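Right, I'll just put the structure down here and ask away after.
Labels A, B, C and D are assigned to the chains in the order they are written; within every chain, residues are numbered from 1.
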């Protein structure tokens, strides 16, 4: 249940400085920055909604404001990138610097090295001074010029560090864990009486952050995954009973597997964490695959890394606190080769190859726009929020609302239905998995 | 003013056959096929809306239905592609055939050659028999295997042709004009007592069809346009007072220019049909460019083909009935070289290069899904509609609602605001143009 | 020691049919088909060469002849692809069919399925009839439309099969083992009094076939490998003490590793089978890497799969008779992480991803030309040869001359010297390995 | 007639400093730096050659020497890029800096802005200080970080400028004209008693420099041209009597057109400056095209910009002294549309799009190696030369030998024969053109 109050963004205080750029326009259906957007826009739900007490849940629209909270001439902004790489990180850094500098006139911008480590003086990482000249061409490289790391640092240490440097705004580019960390840091800052705006840019190659319809880098990732599938398809077709088996990223959410499957037209089985599948036994995956190999001579199987974790063991967590996953790829390879001994299996694991290169032009556009909205929000004194996208529009979303739940492929929704249509795999396989 | 009744899709009759695939799921927020979606989802507009008489304007959600109108075993479907090329045409054809054949079991599918010409026996184009084997790999080629042409053919001739062949469903892949033509054809069919479902797939490289948030092929197009801009940027930087001038498609709507500008990070001026710009005189484009060349040594200018038509003459219309455009590219080149004689101008016109190649993986996904939704609609007996996208969801939209107005870049909206942020060109230039 | 007689190509008999296309021109330095090319063109070696008895070793130039051996109207040609995939296989098949059909007028062309299995009726693979229409667009797909397999089939069985079908020419697309098999098959055919021309097209993604300066698909392969390295570089830079470790193909010859290293500009260590390297101990790889990580913060290591086989165990051979290799990639990863515990290692193994996609335009050109030369040779009744390239020109090379020795990176030659210049890794490491 | 003495490279004096890197190895067939390579390696020509008086014409092999002329610690090197853009310019600059700095220890490296203008103080362009850090990632951008311009500056002015700055080595990256200019500059320097090594890196997107088998950037260029052709092919096929007409670079030499044609498999007519073609009249191009359109429905025509200059007028020369060309593209379009009125012509002119982007990995390899060889030559005191490639090996070639004649497609050679095989256009068309 989403409540209206869950979607309200916190503000540091009233805006008193005139913005040098003015506010984002709002004619007709280009929803304006002063407006709010319904959380639920189904006609069917309207009746129940308007009847009940209290306001309808709705989102604040992202955009530039007429008045801003910080005086640009005196503002110092910091940027940090955390967690694993994602295409577009440099685009986002570049966008933040460009809009801060050229549009608002902010001159003091700095980048912290290697994730939150860069905010802990114990590591001795000197912050980078970020200027338009420095960032001009960085988006042509993958990775992040700031470096990254996993995990949190002590909040009091980081707040002290920021306070001493006179930082007013902190942009946190990272996933779920990073944003929860940002929230803690912000809470600590408030406790210490520091006037700090913390604005997140959600980074998730798995596309699993809620209220972020399609995260930056995701299109780049599934575009690259698509070529891995095409390769596996060509390998499979060239062998008698050839099976192309492709493992793709997707710890809890199978979006990369689903979209790459839809893009490739050549996938026969798409296995994701959200949908349970009987692998063996009558009517199960292996039997179905075997029949297809007899009938058609080859097959392509895509499996997301988070699928079938009940079969593969793994212990412990990584530094981000994520549970380590067992490696389902080789396990599936062994399963198929043991059950269908004359199959010729070509296993492909593109791993980092889908995330280490520069963003596609589409993702570059998305990164620039996210960065601009993040700057607008921060300059207006909004905090503890990230820039999301819902029903096609950019929004300011409170971090707590986001981190309550992961975004997953809905096994009863239209995306998965499309995957079933594209692959022809049985709809009956497995009930939706609890997420 | 959009009225609720404008958004209702016409149906041939009640659905009585059970669908072999069942209906698209609808749990929680994955809006289901039985649902409708608000046209206007701003919280601010809700008050006024619910108070007034009559239902709120809303769209029918696209998807598969539990019962269908046509008996698959007896259904004959035809496909036609019209107008200029667009990346993804073969993906759409492939998707239609695959879903008709594999999901619904329709076995009689045919493609008409060279647009509506293929429905006029006078041209002697034999229809192609379309099978899964034939279309399996066509999406790896750009263009359309069916061929295309501009313009209409006599409705009575086309209806007679379809009637004699026993066609029940016609998929029309084309732009504005094509869909208006499809409507006329459908009207004629009804008049002749023919039970024909006409379902459109909106094809517009300019992204200018209303209620179609992002048309298929558009991402591919601006991705390619991006590389043209990057080239021009490199050329401009290599010369003293170097100007890279790029003309891009966009007859009435500057979406390609806008997105390619946002993707490229290197554009200083983006000129589109929707926004008037004083080219000469104080504070105008030429003066601004000249100053930039003095200050920074080079500049990149992107101009959409429909910009500045008051300066360039052209007469007549093409076969699609579109007004011919004067060629603004060379005119701009001459303008700049006459006013800034020592500028070194490199003019790039990628023309067909942005549309003649295969679709990007993202556009392939979009094409497949559009095709699947079109098949679901047609099998359910919906007609005189096309598959649109609004606020992130796929919809069934009546053709008349679409063809009433073109989709344009809103000069007061957030997209154009982003362009201004990315280029730094003056916001004050020109009032929004009437569209 | 290369002897002149080793480089003479066998002929089935005198050419009596006039060629429908005439011979390849030979003006000035475009060496003509009637000419021969010196094996050794160093000025220094000329003295010794011309003084000694007998002719100088030289190659026959590839090209079309004025008179041909086979009557096109009565010729039946077969094509087989063997061994692992390589970019460009479909280009080669396409080229053979196009030149046979359009230039010589050969109408009977067939393709055998799944390598030499397709010539053994026991497998029941029906040959494919190959026509220009069928092959027109196959080069846009990776893989091979004929399928492939490893290993040989009984020579007498295959010759009987070809004889019964009336085949005059067999094109064998494959590596070392395939061509040795082709030679055996040809010998058997002669024994059975069959007038069969066997012409090879050397396929080796490792570029390890002698007298083939750069094999088709090789550029495509190292182009893709380059992107894997770029990814690893971005991953490495984003971590403190980040190490990007990339395993690339190269069983006995490190060409892919060497060229990808030169293309990438970002590699610090390139380890290939031909050059031994002390991994541990003073002045060894690990110590050097450790110092670099201290000094520069990150490093990129490229290792060819055939490197360091003394460290990793593997037993047995694959179906092609190749010795199985131990997996050096994970072994290197473990070595580094055990010796430099705080290094953050990102391991990338692109495996099939460098070979399963279509050829680059350069490789497409190469494939077409190789195919045309192979057809010219076969039509002229040349046999037991393959089309090679030496000192920049296409040649007809006897198979025995080729299979005597593998082509390797010369650790004392200019290519490896370039790699040392590009990486800066110590020249002193390891003596050249015996090959 | 090439004479032996024409191929001898000038040296500033004896080499006395030991090289920090030693010489390029020379075992077996990796031809060593002390060796020379035969100009003519045909067996047939050997008899005549060895019989005649005097030495055989041969080339000096490129490579690193054991002793060098310049003391690295005291050496100052300058780099200039001239003429039009070419993919790989930044790769070459990067390679020069990296090898000078890391391998030889040269610390004073500077780049001159905007071609030879940068050596004329009157323009006021400050030289750039070039360091490994500065050039590390420049190859990911197209263009040249130094800028470029056409034309020469006064030799005495440039020599004075270099002398005052204490420059010992000048690397000139440019085409024919640039290298002739370099020779004049070197002559002037000698006259003024300046000890200047001038080493050229041949830059020609048309691949028309003699003794340079394949110039850097050429593969990148025809790769991009290939996509333009593919686009035109898709456009052509989609229309009844569709003609895809593509104009490509190639002022005097049709290499880009020839290779792009071979890569594309879809070209029916390839028109280059070196081969005259009767356009009209019986058996001419138009008649042939018309018949093909009747028979096959579409056609693709590639025309190099230098083709058919007798039909199109142009006057004057550009700043490089090149004769201006008339625009054959639109002229051809008009010709076809006037003679075949119902043809649907799609004209594509990729212009700068084939040269303004970064180099392909293959060209990056080539650029790095050329740069390294240029540094080796310069450090050894070689001058008035450029790095060439002949029969597959890198060579030091005297500039005068190069500039005597342009490299052209030989209409009687194997490359053009391949084009005829690929297109099927009549071999009889036109006699070879005088070049």
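Simple rule for what comes next: a residue touches a chain if its C-beta (ideal position, glycine included) is under 8 Å from a C-beta of that chain, and two chains touch if they have at least 3 such contacts.
The chain list, named the UniProt way, goes like this: A, B, C, D = Pyrophosphate--fructose 6-phosphate 1-phosphotransferase.
Here the structure is a predicted model, which means the values were calculated and not measured.
S.K.: Going by average Cα coordinates, which chain is farthest removed from chain D?
M.R.: Relative to chain D, the chain whose C-alpha centre sits farthest away is A.
S.K.: Using CA atom averages as chain centres, what separation in Å is found between chain A and chain D?
M.R.: 46
S.K.: As a quick test, compute the distance in whole Å between the mean CA positions of chain A and chain B.
M.R.: Each chain's C-alpha centroid was found; their separation is 28 Å.
S.K.: Could you pull out the residues of chain B that touch at least 2 other chains?
M.R.: 141
S.K.: Based on which chains are in contact, what kind of graph results: line, ring, star, complete or other?
M.R.: Topology of touching chains reads as complete, every chain touching all others.
S.K.: Taking the complex as given, what residues does chain B use to touch chain C?
M.R.: So the residues of chain B touching chain C come out as 137, 140-141.
S.K.: Can you list the chain D residues touching chain C in their complex?
M.R.: So the residues of chain D in touch with chain C come to 21-22, 24-31, 35-38, 40-44, 46, 50, 56, 58, 63-64, 91, 94, 98-99, 102-103, 139, 213, 219, 222-223, 226, 259-260, 262-265, 360-362, 364-365, 368-369, 372, 390-394, 410-418, 421-422, 424, 427.
S.K.: Report the residues of chain B in contact with chain D in the complex, numbered from low to high.
M.R.: 85, 114, 117, 141-144, 147-149, 227-228, 230-235, 237-240, 346-353, 355-357
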